[in-house]
Structure formats: structure tokens, C-alpha cells
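Two complexes are shown next, each including subunit A; its partner changes from subunit B in the first to subunit C in the second.
Up next is the complex of A and B:
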């Protein structure tokens, strides 16, 4: 089975059938925002949601991840490679799935990161297609993440009374086969899905003032653009833009020794290029001393360096960095200013 | 075979002793700590007082000539000095005294009598003696105090985070106070408290002191954007970030 149909009324019982496959995490309302949280009952979730404060990244690349135990005297270290339990991410938007695909590339690069890969192996992704913009901050059409392009086990498309199911893996197949209330998609359903998709595409337009080819060129020429000075003057250095990014993967490694002063735990914790001392070295030099240089670095990491290294844009268009910025630094505006290149020469 | 346990003494100066209370409230962790150190002086939890110690934990700021001399005397016996709590590390709330000339403040508080003839301008501990370790906050955050004590005992430095509270707040996935129309000092305040106040729905009040390079201009822009007046903003900063060290940081309009 490749495509299937489930009635909206049956979503609750399908959700219940997933429970014995592992812990389920889904989007939930928190004050004026949304967050991924463990979900017990289907009704707890808000499937109509704008991107969560933190991306689901926290489940496969946690904020603070235990790595190993060590002893100082006599010196010994525990096993660094760990096993994890099955878990399901439910209702993940295509932009966040694109984020997972970026992380896959990074952590698969040699030497591969076993902790990430072991976690990833236990992860089941049930995606949820967006049929319209979540809000004005998203730029998913520009980077092409408004449509699904793999990286999930199941993709759900809301067709009103029912959901279309796209099965994209063996794991996904196991979650839907043998259920009486899930039927294979027929020609009529397929037509309905195609029509919904066409309608959807009409709503999405490139948010940038130029195609990716022009953006490549703008980044090539734009290293000394006054755009970065402007960002540097407005940025408060709170680091929120990097904290909420689904493709930021920098981390620091810290040792915490217990009070007996002999046993310790090693952790990896998120670390950001927007931190004041991120590029400071022991001799006192700071390779990116200004907030302008740090902001520029962030943009180049998303639109140029990652293209050179992995042939991939590391911006998923989720809009989180713009949404979270208290200085109202907008990714779309920055890119468009860079594209205009008015002052850049 | 085992080395003698280092002796630790807690002394308080001008303050509320709330930070010592935080230490007393550590519960099981305090008992763990007591296994590796000898606590020889700690007014809030013990009646006897020892005269000798290796590690001196100072709480409170220096507010009189007497304080100053006492601190120097106490410090001279210690191998390591830990400043504990905002009063000790940055002067804390006591800095409010320095906003006006001493004579004027005394008159406002005591009227025509002067019960503290030796009062001086408030000083943080490091304006009088050398400080090796800082535990910021009003009050201190218990888990950070334990982390600092581990570093003291292992003889390694403790690096106070140089990034703002936002880092921890965002990792805790709190809804930003600015989003709720509140004014929060998180973006310019040193982290290390695990965004203690925002986790409970309150805003950061800046008790840990400013980060080394607060983006002063950008911050002012934002506050004005959110409809706050310059006076209102300064009021918020005055509570904790009014000491000499803090003022110097905010004064430098660096691009860093």
C-alpha cells in the first residue's frame, strides 16, 4: 500500500493503536505558542499549529544529552554509545522534516555520530502537510519545503472529512496495514488529493525577491554588504535565533563531577555561534567579535557554507528565527536586502 | 590515606542571609557536601564557630568601615574566597544607597540621629579583597552553588556563563516575556540560574548582573519598540545593575 485514506473520526483510535509502538510526542498549545510534548490522548494535540517554540530536534538532539560516566581515580570511562527506546513524532510539518534531513547529513558525515543515529533509528515520523501558510514569517516556498520530499514514515494530508495517508517506509506501512478503518486510496480519492494539492500550491509563492540562483550570487558577493552592519546594530545577542533553528547542530561538551569528587558525567549541550564568546580562543583572539560578524555567520551557515559542504540549504523556511527575534530581525527581509544589493557595491 | 577535609566557613556582611538559607535548603545535597568538607562556621545551621578555615564563603556587601576591616581580617586566613549572592558579587540591592550622597541618604533613613557613623558607599566583595569564585543571584541558585563548590574542591576554575538568560529560557521552551507584553531583563543578564524566574511565569529582574557585552543600543531600541520609556527602563536596571562594574559595562557602546 502506498496511499491510504482514514476518516477524521477514526484518527483517535488510530492514535491509540500507535501507543504500544513507543512514546508519542506531538504539538500542544502553550499559552500563545505551541510546543512538542509527550501526548497521551489524541485530543491533547493541536494539529493546526504554527511552528513550535523549539523544533522536535530536542528529541533526537537534546538540549543536554548524557554521553558517558567516568571515574577519576582509578581512571575509567563508561561506554559512550547508547541504546534508546522507540518513539513517534506525530504531526511534524514538512519544514521540520527538512530539518531532520539536514541533521541526518551532518551526523552521518564521518566520523558518524552513533548517539544521533541510534536515536534516529528508533524514531518514527508521522508528518502533517500544511495546506496554507502557518503565518507571515514562514519562507518555506523559497526553499521548497512547503511540499513533502521524503524523510518521513507517514505523511498525513487533511482533506476535510478524511486524511490522505502517504506511506513512505516499511515502518510506516506497519502502522496502517491490518486496520479495518484504513482503506487503500482509490482513483477518486487520488483525484481529490491532487486537487487539494493544486489549490495549496496556489497559496504558496517564493517569499524571496529572487530565485535560489540569485541568492547564491548575492551570498557570493555579499560578505561585506552593509546589511550585516545593520543586523549587528539591531541584534541584542540573545541567541534565540540559533536556539530555535531546526538545523543548528553546534554543541559543547561538559563534564560534571559529583560531590564525591571522583565520579562524573559527561554531557553535550547546545552551543550557539550567536554567543559572545563562541569564537574566542585561549590566546584572547575572537574570530567573530562583533554581533554583525556573528549574524552574518549565521546566514552564511544556512545559505552558503552548507551548500558548499553538503550541497544543501540549511534553512527550512520554518520562520522560527524571525518569529522569536525581539529585535524583529526578519530572515526574508535580510535576504531581500541582500538581493537588492543597492548598497553592497 | 585520606586527606583531611577542607574547612569551609560562611560569613555574612550587609545582606538578608537569604543565600545562606538557600544553602541550608539544599537538603540531601548539603549532607553530601558535608561528607567532603568540614563546615566550621555557618550561623544559620550551627551554633559553634571555628576559627580556622581554608575556604571562605562571603555573603553580603561591604557597607561600613567596620565591614571593610572585618572582611580583610577574615579573608587573610582563607586560601580560597567565594563571593556568594548578588550583594557580595555585584553589590546587589544595597547599591541603591549609592544613588545619592551618603549624608542625604542617612538623613532620609535616620533623620537627625546617626546610628552608623562609619557607613561608607556600598562595595561588592571584590572591591575590598581578591575573589576566586562567584556565585551570582538574589538569591543564589542552589544547583549552581553546588557546581561552584565542586570546582573549588577540585581546584579548577568555575566559568560563570557569559551568555544571557535567554539561552536557558529558550531551552526550557518558555513563551518569551516580550511576546506577552512584559519587560524582561533576560537578554542582558548573565545565565546560570536555569532561567529560574521565567520558568515560573515571572520575568528576569537582572539579579545576576549584566553580561560582559550587553548590546546597550540594540536593547534600548527594543524596549522603546515595546513602548517602554527610558526612565522606566532605567528603573528596572537600578534594582540590581547599578553597581560600578555593571554601569561600566552598560556605558561602553561596543559592537561586541
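Up next is the complex of A and C:
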């Protein structure tokens, strides 16, 4: 089975059947925003949601990840995590799946990261296709993440009374086979899915004033562009943009000693290139002083360096950095200003 | 699914786990610097190259990237010289011979020995720059026949700040290398040169095309030393520097040491001036705005 169909009425039933596979995390409403949270009942979830405050990254690249247990005297080291838990991410948008694919490349690159890879091994991704823009901040069409391109176990597409299921892995297959209420997709369903897809594509258009080829060129010659000075003047250095980004993976490593002053943990915590001491060394030399240089670094890490290194844009177009910015810095506007080659306001 | 053995090994072995090591010698060598000789548990070989660094790990304090200052020709132990500056290095300074520390590494690329072989070598060390350069100088002296003419220029603030005094005295006596040093500020006992390190370079005679010029020192020094190298017509790809950055993980992941798209902990810390020029705008102004 590659494609299947499930009736909307049966989603709760199916969701219940997933519970014994591991903890399930899904999107949930929180005040005026959405968050990924552990989900007990299908009805708790809001499957019509704009990107959550934090991406599901917090489950496969936790904000605080234990790396090592240690004893100071006598010197000894041990595994921080004995066993990683199975879990399911339910209802992940394609932009966030693209984010996971970016992280995969980074942490698979040698020297590979065992913590990430272990968590990834235990993760099942059930994606949810967006049939329209979430809001005005997204730029997924420009980077092509509005359509699904692998990286999930199951993809759900809302077809009204039914959901189309695309099964993309053995793991995914196990979640749907043997369920009487899930049937194989027939020609008529397939036609319906294709039509929905065509209708969807009409709604998505490149959000930037130029195609990615032009953006590549703009970044190639834009390192000394006045756009960055302008961003630096507006940025307040709160680091929100990097905190919410699904492809930001910088971290700091911290030791914590327990009350007996001998046992302890070494863990990593999310750390942001937008922090003013991020590249500062103990001699006092700051190798990326200035918010302009730091903002430029963020943009180049999304649109240039990652392309040079991994042949991938590390912007997934989710729009989180724009939504969260206290200084109202917009990613789309910044890219467009860079494209125009003109000085920003 | 990647369930092969190699993948299983990656899943179970952590690159964050430091090796146990013993300090076999600890000497305070200047007001701010302390020298450590270190043996890995079981006298295991570190297997480093001159110019690489380790993460010195002190549980409860953290890790600090420290240049290895002994040659890879010395296999039973390795040396670190640590300036007391931050949390970890201050805690390191309290350690004595017999104490245990953690070591991760070696990390980084090291000096391009393959290319330097058979060529003339001009080494310029400023201040703490002599620390990573000592690994290279010792290597060259141990394999002296593999290199052409060797000249070493050393500069420091005052005679009191000079590291490896006894060793330097022995370099001065050798007939097969040329050695010269200078201090920014002399004291009454000082009989040598006084002035900036750049003042020594014009007096050096070299054949630029057959010379590798290596400079390590504080960022601001690079600008002026590299200018002197360029005046001598040493090609940019034969000018070699080692950069200081905030290496944290050593694995090319955490982002702290990044210059443009380069992770210094993996692709550096040794770069040619040719490479530095491509990083313009992200380097320290001394490093590449020549």
C-alpha cells in the first residue's frame, strides 16, 4: 500500500491505535498561538494551525540535551541517556519536515551526533499537508517546502470528508496496515487528491521578488550590502528569531554538578548566534561584534553557507522569525531589499 | 534503514566523552601562564599533528580549547600551555602534577606539513603565538633534514613574558636555524632587540617562492606581519596563520567558531592568507584586511 484513505470520522480511532507506539506530540492551541504538546485524545489537537511558537525541533533536538554523566573524583564518565523513547510527531507541516531534513544533514555529517541520531531513530513523523497559506508571513513557496518531498513516515492530506494517506516508510506502513477502516486508494480518490493538489498550487506563489537563482546571486554579492546595516540598527538582539527557527542548531555546552559536589551532568543547551557574546573569546576579542554582522550571519546561514556546504536552503519558509520579531524585521522584506540592491529605509 | 555495525557504533559512542588523562608535570612559567605535561590513560598516543588543539575538560567547570604545544614526534605525552583567563583556564591553573583531567581531540587541521616539506620555513611568533608554534618548531627540529633553511622570529611584551626560555636558549645556539627575538619593552637585564616584531622581518633574507611563512599571534599582529611578508613577495598561499576562535564542541556543529561558512574547529585553525582573503568581512580586521 502506498496511498490510502481514511474517513474523517475514523481519525480518532486511528489516533488511539497509535498510542501504544509511543508518546504522541501534536499541535494544540495556546491562547492566540499554537504549540506542540503531548496529546492524549485526538480532539485536543488543532489540525488547522499556523506554525507553532517553537517547531517540533524541541523533541528531536531538545533545548537541554544531556550528553554525559560524570564523576569528578575518581574521574569517570558514563552515558547520560540509557534509552531513548519512541515517539510520534502528529500533524507536522511540510515546512517543519523540511527543517528536520536540514537537521538530518547537519547531524549525520561526520563526526556524527549520536544524541540526534538516536532520537531520530525513535521518531515517527505523521505529516499534514497545508492546502493554503497559514498566514501572510510564510514564504514556503519560494523555497519549495509547501509541497511534500519526503522526510516523513506518513503524510495526511485533508480532502474534506476524508484524509488521503501517503505512506513513505516501513514504519509508516505498520501504522496503517491491518486497520479495517483504512482502505487502499482507488483511481477516483487519486483523481480527487490530484485535483486538490492542483487547486492548492494555484494558491501558492513565490513570495520573494525574484526566483532562488536571483536570490543566490544577491547573496553572492550582498555581503557588504547596506541592508545588513539597516537590520543591525533595527534588531534589538533578543535572539527570538534564532530561538524559533526549525533549522537553527547552535548550542552551548554546560556542566551541572549535583549537591554532593562530585557527580554531575554535561549537557548542551540551545544557543544563538544573535547573542552578543556568541563569538567572543576570553581575551575579550569579539569576532562577530555588532548586530548587523550577526543578522547578516543568520541570513547567510539560511541562504548561502548551507547551500555551499549541504546544497540546501536552511530557510524552510515557516515565517516564525518574522512572526516573533520584536523589531518587526521581516524575512521576505529583507530578501526583497537585498534583491532590489537599494538601501533600505 | 541504517542498522549496520558502523551506524550502531555512532549511536553508542559519544564524541563528547573526554578521555581520562594525568598531569605528569605542571609549572607556572610566567605570571599568567602555566605549563602542563599530560599523559593519556594507559599511555595512549594522542596522535596529533603540530597546530592541532584539544578540548581540556574539567568536570564542573567545562571545556576550553587549548593548543597542543609539543611535537607529534613525541608520542608518550603532550604539552599544553594555558593562560589564565576564563572559568576553565583559571580552574586549570589550580591543578598540579598527579591531578586528572579530561581530554577530547585532537581537533582541527594542523599545519600543512606535506606542503611545507623541503621548503624554507620562516616562523613568526607573537606573544602566546609561540605556544602552538612550539609544536611545529619541535617537529621541524626533530626532522631538520626534511626542511630547507629555518628562521624563527619571536616577539613578546617584556622579557618576563617570554615562554620556554631554556628551550629558546638552545634554539639560539643551534647552527642549523636562525633565531632572533625582540621585546616591546625591555628591562635592565635585557640585551637583545627592543621593538615590534615587524621590525625584524625586513632584515630577513629569503627566497620567497620556496618559503612558507607561518605567523601566529594576537589578531592585530597579523595585519602588520602579513604586510611584511607580502613586501617580501611571499605568495598568499604560502603565508600560514592559526586563528583563535571560540571552539566549543570541536565537531563542526555548535557554531561558535564559524567564520562565514567555515567551521574553524574542523577546517582550521590553520589557514593560508589566500583562504583568509575569501573570508573578508567576517575575519578580525587584522586578519584579512591587508
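Assorted remarks:
One rule holds for everything that comes next: the second predicted complex is superposed on the first by the 339 of 345 C-alpha atoms of A that agree within 3 Å, B and C clash if a C-alpha of one lies under 4 Å from a C-alpha of the other, contacts with A are read in each partner's own complex, and residues count from 1 in each chain.
Convention: a contact is a pair of C-beta atoms (placed from the backbone, for glycine too) under 8 Å apart; a residue touches a chain by one contact, two chains touch by 3 or more.
Keep in mind it's a predicted model, so treat the numbers as computed, not measured.
Of the two partner chains, subunit C is the only one touched by A:254; subunit B is not. When the shared chain is aligned, subunit B comes close enough to touch A:270, but subunit C does not. By the touch criterion defined above, A:17 lies against neither subunit B nor subunit C after alignment on the C-alpha atoms of chain A.
Ranking subunit B and subunit C by residues of subunit A touched puts C first.
Touch criterion met: A:106 reaches subunit C, while subunit B stays clear of it. In the superposition on chain A, A:327 makes contact with subunit B only, while subunit C stays out of contact range. Once the two complexes are laid over each other on the shared chain, residue contacts for A:79 go to subunit C alone; subunit B is not touched. Of the two partner chains, neither subunit B nor subunit C is touched by A:46. By the touch criterion defined above, A:70 reaches subunit C but does not reach subunit B. 257, 261 are the residues of subunit A that lie in the contact sets of both subunit B and subunit C, per the superposition on chain A.
Across the complex, subunit B is touched by residues 30-33, 35, 53-54, 58, 63-64, 232-240, 243-244, 256-261, 270, 272, 275-277, 286, 289-292, 324, 326-328 of subunit A. Those residues of subunit A that touch subunit C in the complex are listed here as 67-68, 70-72, 74-75, 77, 79, 106-107, 109, 111-115, 117-118, 121, 170, 223-224, 249-255, 257, 261, 264, 266, 268, 271, 273, 278-283, 285, 287-288, 293, 297, 300, 304-305, 308-309. In the complex of the two chains, the subunit B residues touching subunit A come out as 29, 32-33, 35-36, 146-147, 149-150, 153-154, 162-164, 166-167, 170-171, 173-176, 178-180, 186-188, 211-215, 217-219, 221-222, 225, 255-256. The touching residues of subunit C, counted against subunit A in their complex, run 1, 7, 10-18, 20, 59-64, 85-86, 89, 100, 102, 218-219, 244-246, 248-249, 251-261, 281-284.
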